[in-house]
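Please go over the structures that come below.
In what comes next, chain A is part of two complexes: it sits with chain B in the first one and with chain C in the second one.
On to the complex of A and B.
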């Protein structure tokens, strides 16, 4: 029974990832033991922190929303076996465009917010389509082109922020706070019978309606990937590009679209950074989160439905690290070390299959000793 | 009027000397990127290797009081990190890009984490008295009016960058190891069938790139500045990768491309003082790189088309002669 369960790829994947996360957390604890005066207190803060206060929980949820969008963005290109490191640039431009609209376009909230979000998605779409086009038609290395576009986007963002958006005479590089019409509303509607919950959340942890948008995007990406011709082409491309081409799929169009849609989602994540989290535009708005979508997509194995769960889990670690830094002598960068170990363990194709091969080999030996004929032979180590 | 000022400042010896200084931490990792790129792997981890070396160099030189030991330890740490990358990529079959990203995250987090443990400060290593590598003063050349001020008095890594470019060029094009390396990058299956150990060649390429990128990191923390700052490499590892492509995947081309990037950065510093937005000037090299990428690939496609046409012509001719 257990063995049968283990043979299911889904269960095996889950075990693999849980094992990788556990190993990384144990290594993190060993590091804490070495550097901290109170390692148990520090690690407790790390592991339970996000649940101890409502505002910390709010931070965690907000982090998870950004991570969900980024994870979806990355999964869309990874699914086609392509690489894009362009999320940073797309986020920056998304934040810039949506922030400019939130600040300066004199429309009521009901029009201003959708306009800002759509503009962020549009700019992300275009900025994503560019490396896609270069890849599809010129076979230009997408890693280099997306990295270059990130560098360009960063400088454009700084330029507009410093020379056009920053209020005159401000000592630091940031915009004014967005007006009320430019900030996403709290996710609980302000109606009488929910007044208490609304009060609690809007004051202490402003989780915005982006929560619902993120869930909708998860469903849409899932639908796109598994229920539309484009999704089929995308997955074919990832499975075997030559076969896809001989099968009559317009691979160039699919490559461009997958990059562009990935950029669209990243642009939305950028809008969330400005209108949902910081409520203003600041310098280095994407710092520390630019490459995080990759971890989420890896943990979710590029499955859009698994992405929010991976984002919640990974966001929990990041939020916990913040709490740990504030309440102990261990700095939050430990979570980066844990993150790196998770990536290495999850992506090392041979680490966990090796364990598995050994287990099944020893089982087989035992079975042979008992002279029980074994039906399953090998073939399970392909992950 | 401001344009005149710009021109005059660009052609001053001090400015050109600063271009060399700013280019050095780009040239060295770019050479590393070149070698891994030619061996058929892309080294995203240059950034992380630089950071690790920069940090280790500062810490070791501060605790031992020896600049030499600091440099040695910095280079050793960089090679170690690239060994880690190679081990995961070549023996555990991790995707090299994902492993590279992991290494970068590890280096960013690890250096800040250790900096805090050692100094109680997460920003920089000001409280550690770390060393600086010596300057090279050229006795006679120093007195030449314009040139002397550019080339004399530069720190030792500037010279190292040029010497290493020369050595890398010799290694790649004048030694059997270089030929093997390029063969592996060009067509690993063919190289394997000729008895070249692809895995070993790639590992050596990664280790060399770690060695070169380490000097880039040390330039930042022990020559350009004399302390470690968090994330002080600020994307130079990625710019270095761009220089490889802009330089047409050739050693001297890579060097020139890196100097072009250095020139743009130095220029943007100058323009900043003239109230011209430096951010816009800084985008120029990246735009140029994308254009170079486009041109490179267009040329590549043209070559393939040409080859195909020739092959078809030849083939059709043979078919024709056989029929006759």
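On to the complex of A and C.
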């Protein structure tokens, strides 16, 4: 009975993650013991920090939204067995274009915000298609090309920010704050019976409607990946590109499209940075988060539905680490080490199989010692 | 006499939980030729890898010449006098034959390779065991038969007493196979012991002294070859009666379906792989292509199915050009293709069975409904295919990698046959699959042809080409060397001469019959 349950892939996956997280939390605690005067306090800050204050919780959720979009973006490319480091460039251009619209296009919010979001997605799509095209038609290595394109996007972003967007005479490289028409509204509608909650969130932790958009994108990406012909092409490309070609799939088109759609989602994440989090354009707006989509996609095993959960979990770690750093004597570097151990173990594919193999080998031994005839033949459930 | 190899209660469990050997007892007497047969996934290769030190048994004893051994690597096995010739040769193509033979134990002179000595050593063992090779030839330039002899010499040079040959005849012509068997006999006469793995029961009868049959990781039995028949061995392998040959209904040749005109293909390195190939295929017939592997068959199939661009020539299906089109366009012209290498081309192993079944049709109704794929229809197709083609699986949602080789091939066959083709191109349709699945695939091929499909059959198994085809073309170095309008009336030896380019029919003579 337990064995049967254990054979289910979902249960095994859950067990695997639980096991990995437990081991890594124990290891993390041992490290904390070594470096901290007050290990229990520090570890508690790490484990519960993001939930202790509403603004911390808000920061966590906002970061998880960005991570969700980035994770989806990367998962789309990973699923096709391709690799992309291009999220940084796509986000920068998405932020730049949406930020420009948010700042300067004189439209009411109801038009300005959708326009900015669509423009961010479009520019992400186009900028994402580029490495796809280079890969498909010139066989350019996508890791190199996406990194190089990031460098180009970064200079473009800086150029426009410093020479065209930054207000004259400002002492640092940032735009003005966006006008109200250019900022994403709070996720709780401003209606009388929710007034208290609205007040609380809009002042303390401004989680925006990007929450709903991100959930919608999760669903859309899932449908795209698992229900549409394009998704089928994408997955077959990832499963075996030679098979895809043999079967008649236009592999070049699929490569380009998967990069482009990945760019589209990253462009949206860029818009969220400007219009949802910072509420202005700043230099290095993507720093520290641009490549985190890779971790999220790995944790979620490229499954779109698992991405938001991975993003929440990983975002929690990041937020907890921040709190631990600020409120204890454990340095950020140590916090990063603990984080890395958790990621390493959770993404390690073979944590469970190794344990499993040991167990079955020792069971075999036992059987033989007792001279019980092999029951493996057709009788696996008998144990 | 005590056995030279004695395996006792061998268990092998792979990390993924697959139990490849379940308590295998296997013994080989000195100076015998011992055949090991079994279906795919029966555990033969695993067992041989254990003897050769490439895998370690989870449990059990390996006793070689009376001494219990625990090989950590094949290096240990070689030191114990065991040699193995793999299916895929492991030679350095740019080295000479002699250099390959001595590789790893080179005769040296002041720290440098003594080439002269290497050549002499090679000649010496080559003469001693009757394995003809040209020691100075570069491996890249010699044929498959000689490469295999080099592999065997390599093992002998390292002092092997026991030789394991993994499907040694899979790549050989009938003539080469005969030569190999004579050489094996000679080896045994001089005190060596040979274990060889094969699928071909005829060869078992022909050359071995004893035969061991494996099924599902267990040894079913070991019998003296003289007491076994092909039928009895097949029954032991499969666990039921197997039809070893079948009568096919008469061919009713219909209209011309495919027309290939002056097709040439020059590869990236400038080699003329296909040279002015022309032939026609008619509905209701199986046209077999007989040739030693590597004479352009692979390229011919890939060019005709859109996977490779031809250099020149033309190919029409029902009058529509299909050359240098995309694979999708070729498929839309109602051409089906069973690819030579099912693992690289024919299947996506990690994708589900159902998803593997729709690669040629997911984009059109009834499988595409509006913007989405109708997965209800897909799973209906899966259920139907699993039932009709006898794919052994509990569920079409399982990945193809969960199937055995024969069942994987059934997935391909199901897909390619249910697309209602006018032309079916089948490359090596039964390679490496077991007796039961082979029987099934062959029956299906003949049924398609009898129902009016035109079939192009490419197979390295000459027996298969001869028994299935209505008409046969022999191909050598990319050229058609002979055409036989009545497949039933040609002998294997005769065909072999054309496959080796020794005999050729005149162009005018062939034109009529192509």
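What to note about this one:
Criterion: the second predicted complex is superposed on the first by the 344 of 383 C-alpha atoms of A that agree within 3 Å, B and C clash if a C-alpha of one lies under 4 Å from a C-alpha of the other, contacts with A are read in each partner's own complex, and residues count from 1 in each chain.
Everything below uses one rule, namely that a contact is a pair of C-beta atoms (placed from the backbone, for glycine too) under 8 Å apart; a residue touches a chain by one contact, two chains touch by 3 or more.
Every value quoted in this text rests on a predicted model; they were computed, and no experiment measured them.
Shared-chain residue A:22: touches no atom of chain B or chain C. Judged by the touch definition given at the top, the superposed model places A:138 against chain B, while chain C stays out of reach.
Shared-chain residue A:284: touches no atom of chain B or chain C.
In the superposition on chain A, contact is made by A:158 with chain B only, not with chain C. If you count the residues of chain A touched by chain B and by chain C, you find the higher number for B. Applying the stated contact rule after C-alpha superposition, one finds that A:239 touches chain C and leaves chain B untouched.
Look at A:48: by the touch rule set out above, it reaches neither chain B nor chain C. Touching of chain A by both chain B and chain C, each in its own complex, is seen for residues 350. By the touch criterion given at the top, residues 31, 35, 83, 85, 134, 138-141, 143-145, 147-152, 155-156, 158-159, 162-163, 291, 294, 298, 331, 333-337, 339-341, 343-344, 347-351 of chain A touch chain B in their complex.
On the side of chain A, the complex with chain C involves touching residues 223, 227-229, 232, 235-236, 239-240, 242-250, 350, 353-354, 356-357, 360-361, 364-365, 368, 374, 376-377. Those residues of chain C lying in contact with chain A across their complex are 11, 13, 15-17, 19, 22-23, 58-59, 305, 307, 326-328, 330-331, 337, 339, 344-351, 355-356, 358-360, 362-363, 368, 371-373, 375. Chain B meets chain A in the complex at residues 42, 44, 88, 91-95, 97-99, 101-106, 108-110, 112-113, 116-117, 122, 235, 238-239, 241-242, 245, 277, 279-280, 282-283, 286-287, 289-290, 293-294, 297-298, 300-301.
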